[in-house]
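Working notes, beginning with the structure itself.
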Amino acid sequence: MPGNSFGHMFRCTTFGESHGEALGVVIDGMPGGLTVDMEALKSELRRRAPGQHAVHTGRKEEDLPEIVSGVFENKTLGTPITVLVRNTNQRSQDYDQLKDSYRPGHADKTTLDKFGIRDHRGGGRASGRETVSRVIAGYFAGLILPETSFYAYIEQVGNFKLSNAPADHSFDRGEINIPDKKMSDEVVTFLKRCKDTGESAGGTVTLSIKAAPASLGEPVFDKLKADFAKAMISLPACVGFSIGEGWNFAHKPGSEISKDRKNFGGMEGGISNGDDILLKMVFKAPSTVGEKALNGRHDPCILPRVVPVVEAMAKIVMADHYLRQAAYSTFLP
Amino acid sequence: MPGNSFGHMFRCTTFGESHGEALGVVIDGMPGGLTVDMEALKSELRRRAPGQHAVHTGRKEEDLPEIVSGVFENKTLGTPITVLVRNTNQRSQDYDQLKDSYRPGHADKTTLDKFGIRDHRGGGRASGRETVSRVIAGYFAGLILPETSFYAYIEQVGNFKLSNAPADHSFDRGEINIPDKKMSDEVVTFLKRCKDTGESAGGTVTLSIKAAPASLGEPVFDKLKADFAKAMISLPACVGFSIGEGWNFAHKPGSEISKDRKNFGGMEGGISNGDDILLKMVFKAPSTVGEKALNGRHDPCILPRVVPVVEAMAKIVMADHYLRQAAYSTFLP
Amino acid sequence: MPGNSFGHMFRCTTFGESHGEALGVVIDGMPGGLTVDMEALKSELRRRAPGQHAVHTGRKEEDLPEIVSGVFENKTLGTPITVLVRNTNQRSQDYDQLKDSYRPGHADKTTLDKFGIRDHRGGGRASGRETVSRVIAGYFAGLILPETSFYAYIEQVGNFKLSNAPADHSFDRGEINIPDKKMSDEVVTFLKRCKDTGESAGGTVTLSIKAAPASLGEPVFDKLKADFAKAMISLPACVGFSIGEGWNFAHKPGSEISKDRKNFGGMEGGISNGDDILLKMVFKAPSTVGEKALNGRHDPCILPRVVPVVEAMAKIVMADHYLRQAAYSTFLP
Amino acid sequence: MPGNSFGHMFRCTTFGESHGEALGVVIDGMPGGLTVDMEALKSELRRRAPGQHAVHTGRKEEDLPEIVSGVFENKTLGTPITVLVRNTNQRSQDYDQLKDSYRPGHADKTTLDKFGIRDHRGGGRASGRETVSRVIAGYFAGLILPETSFYAYIEQVGNFKLSNAPADHSFDRGEINIPDKKMSDEVVTFLKRCKDTGESAGGTVTLSIKAAPASLGEPVFDKLKADFAKAMISLPACVGFSIGEGWNFAHKPGSEISKDRKNFGGMEGGISNGDDILLKMVFKAPSTVGEKALNGRHDPCILPRVVPVVEAMAKIVMADHYLRQAAYSTFLP
């Protein structure tokens, strides 16, 4: 059964293999009359793009979005918005060595088993490249919630951990989305070494959402927290998700939690309460290591590039739930 | 927008307020001809029921399931299965004191804000009592996957942690689902003390799935891991979810992860690979503490009763994805 | 894949076999705070009930609705509303003769082939009895659109045709929903004769909707007309659907159609334009005829009882689309 | 709420305004490994294209499909298939006169009211041009059901009616899809006159489906007949739908219907029984008449071009239901 759509009211369907003609997204459910700023969209894509920093893969992809439907004279029409990004730099030949081999920890073998066929030129739909469609959808989702601020950053890479959370959403995240100059420098050095030695690293990303609308999230399965969880864990390499204090909740006594409203992470009963929302995600180190990592164009760590994708997914979840709840506003006292 | 349904092919819709007439579930998408064993269903409900152990709330609910549709002469008909459980022991008066007060960390206030009305007699849909419907749905989901074994257990309560994972799925989990006699005794003592002092505790639950079918999970949003995440985080008080090594993945280098196939947690690219699946969930301590906890009938810790619910949700996710994939089996080479 | 749900925002899932314990419906997506009038609900069910008139089957079913969730002190809670109607008068033995025979034109054989099993005691889900759930859902849908008026009536039975459409929605529809005393009397005589001879009859039902909200219906597949069509054709024995002038449109030249706005049937481009909506449905004669019809408790014609069901389905479609459109109201200029 | 998707297992989402950059479709749920024949796809598009005959609009659109995802080396990958058709010949200036006027019977005004904005250059999503996406989706749907034959033809245009149904699916339908040379010639003459005088005409299309799989259709709302009805009535200008004998069922007595299995139209209880399926649809005459029709590039009758679109929609419905049912095949005895 199809699994390439996310959301119900703000519904995005993504498509495209990493080495096919193009990737893209159709967004259905967009309100009409909102202003589209192509420069802002391109800027979001640039945040996700590889090749911007020494620690990234050598690929220089020009992710140029082409809007083929749903926007007229810079305004959304309320019709499906379709955006394409051509794959201009696949260099399929790099991957020919992988034709009959299945990279452990990747979807190579499971894709073949599931569909009876796979595009051996690359990761296909399982490639991190797929997230370009999510960033585009996130841009449009953001137009629905202009007041709400989404700010993600790296909290941990390997054994390097951030000491202090950034004070606010205007805090400089630096070149690789680590809001601490010293840690950022150390991680750059560490990742360069990873790259040279064929090693790879994982880490955590924290997302803060401010000025989130209250009353979002639907009991009992479509709680806001549940849809955040699905959105984040659906990302390649994402293996952990938590709200607020997260794993610390395992040992914290109720008396301590109840002391501070902040501990509820902006949601009570799975419904947003208007407070700041705080989420944390774990991403594992890429499975391609050793010889193979040295030969190909692999990132030793996806964390820096994942930050805008995490923000995009959160925007999609909230825009969807915003529209879901808006339908009932006329019935509220 | 409605949020009380889960699953696409195996679709369950739950209903019922904690202090209303009844709770229950409609399961749509069940195959016909499968044998229903009422005793097995009741036994699952008993595992979730309160009042079985000194550490639980004093409520003695008789969760008697009544099947009102979809089953004829102990066989499923392929039509919607509806199961009701009457609320026989609500004692609404216990909660009257809470009529105009909103318990922090509960859905009381957010429910009122969202719907403009709430059933002040209890937690309504946000009550842990709602999970009775999930356990029923889980029983039927299990009929679709008779070979697959689901086994959850408590790994941590407060500061008590399990030293060794149980050897296999037949390992005795004891009275409160802790597969270690010594730790179990300590936790019972600890929780009794919590109860006496109005304190509460959180913890973690681990779920192991053996003999899981391969090829389940749909790229890119409905990955098996993503739907597990949504299913688990949708549970009351669930604030964290991870796959395999979970939070340890943050610091583990790729070279170490790649060494052992087990580290992929039974899924590659979000699609099951036939290996054992391992999930871990964090549940926070109940927010009702102090005076209020002493007066009411509150569990100081929900972990022991959450274990069968976690198994039920996993069964629902897998049954749904099993049917989703089965549709394509005739097209496979 | 499940097919027992209808609607997206106002979503009803029906359940129950004709000879099982109970039939009913879960409505998910109902706004909170609306007043429920049990007498009004019962009155709708009585309009559908058999045994009210000499032309109907001899069965006297007491369709008593029991609300088991979603309503508290006569107000909707915004949670799923579940309503049950017990089957008190199945007399399964009447049908035992049909155990190994499949009635042509019924779902007996196709149900068995599809699900591998069937409840041979009666029509199961394919029985007209299933529509009791639709009438209940329709009652609640109507609460969402208190201004809009739905009025259906019989236009044709066999060769008897109505000469003049009723002037307005307060026009008396008589005992069997034919708004013309003379035709009504003739049809009663005709149907009594059908009953005595084991014959059966079909006909048409017309539905008029006044004060319908504008802007309902979603391009391009979920046009309002398309969802009306699905709703109506999903009814047992419904074999034809048309809008406005219906079949006359086949030969009418565009110059004539364009003369009168009424010809658009209240929808342009599949979106309601605020005008009266006019739909017409064809129902075929029951397939059970001859000896079998004389032995059992069969209606010679379902038209009289179908009228409230047609209104219910229209209410469900419009309530669903009303909520779908309401989500965007804040974005309109 | 979004309405641009159709189907659940075979799910197509269409996009594109009539005068935007491109139209197209994303198909999600396609099995992997099926062979794609670009020439066959183009040939289907050519059947729908305008400008092939004197009675059609003067527009000569080159509907060249570009597959941008989901197909690799002529095989489907099981991933979303995206196909684009560029709008190369919009000549927007033709429509500038309509900027501030709303064509009666079109979606111009309802679109503006609904979305608060519209693309005044043309019909946008309400244009018949939108059906190009449906034809593409239909081609892929057909790959899932290679044995089943879909054959539609015109039965009536204005007052011209077909005397005899074509003997089989290989019967020549002629230039304008009327399987009768004499009637075809008469209609061509009639439509030329319509064109010259600014008149327009409606009519009916009949669809015959042979070798349809049995057991398709889901009780109670997603009956095969109900989804056919929705699919067809969702087409621009489609105002009537019927099964088998259709409107004749209104007066036919049950004894006559029951005589011949063919009268059930290939479905019993809304589930296909393996017999031939017969559907009939009414399309009304285009609302643009008189002066405006003479100035623009308007078809006086859409029936000839609707025939391949009707077939495409039927293929989509059946492919979707085929996959829905296939999921349960392993549970059948």
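Each chain carries a letter (A, B, C and D) given by its place in the written order, and its residues are counted from 1.
Convention: a residue touches a chain if its C-beta (ideal position, glycine included) is under 8 Å from a C-beta of that chain, and two chains touch if they have at least 3 such contacts.
What you see is a predicted model, and the numbers here were worked out from it, not measured in a lab.
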Chain pair showing more contacts of the two, A-D and C-D: C-D
From the centre of subunit C, which chain's CA centre is farthest? A
When centres are defined as mean Cα positions, the distance from subunit A to subunit C in whole Å is 46
Let me have the rounded angstrom distance from the C-alpha centre of subunit A over to the C-alpha centre of subunit D, please. 38
Mind checking the centre-to-centre distance between subunit C and subunit D? Centres are C-alpha means, answer in whole Å. 27
Which residues of subunit D are in contact with two or more other chains? 1-5, 8-9, 14, 31-33, 78-79, 114-116, 125, 219, 323-324, 327-328, 331-333
Touch list for subunit D against partner subunit C, complex: 1-6, 8-9, 14, 104-111, 113-116, 125-126, 130, 156, 158-159, 194, 198-204, 214-215, 217-223, 225-234, 236, 238-247, 249-255, 257-258, 261, 263-265, 267-273, 282-290, 293, 300, 324-325, 327-328, 331-333
In the complex, go through subunit C and note every residue touching subunit B. 1-5, 8-9, 11, 13-17, 20-24, 26, 28-29, 31-33, 66-70, 72, 75-82, 84, 114-119, 121, 124-125, 323
Per the touch rule above, subunit A residues touching subunit C in the complex are 8-9, 31-34, 78-79, 219, 323-324, 326-333
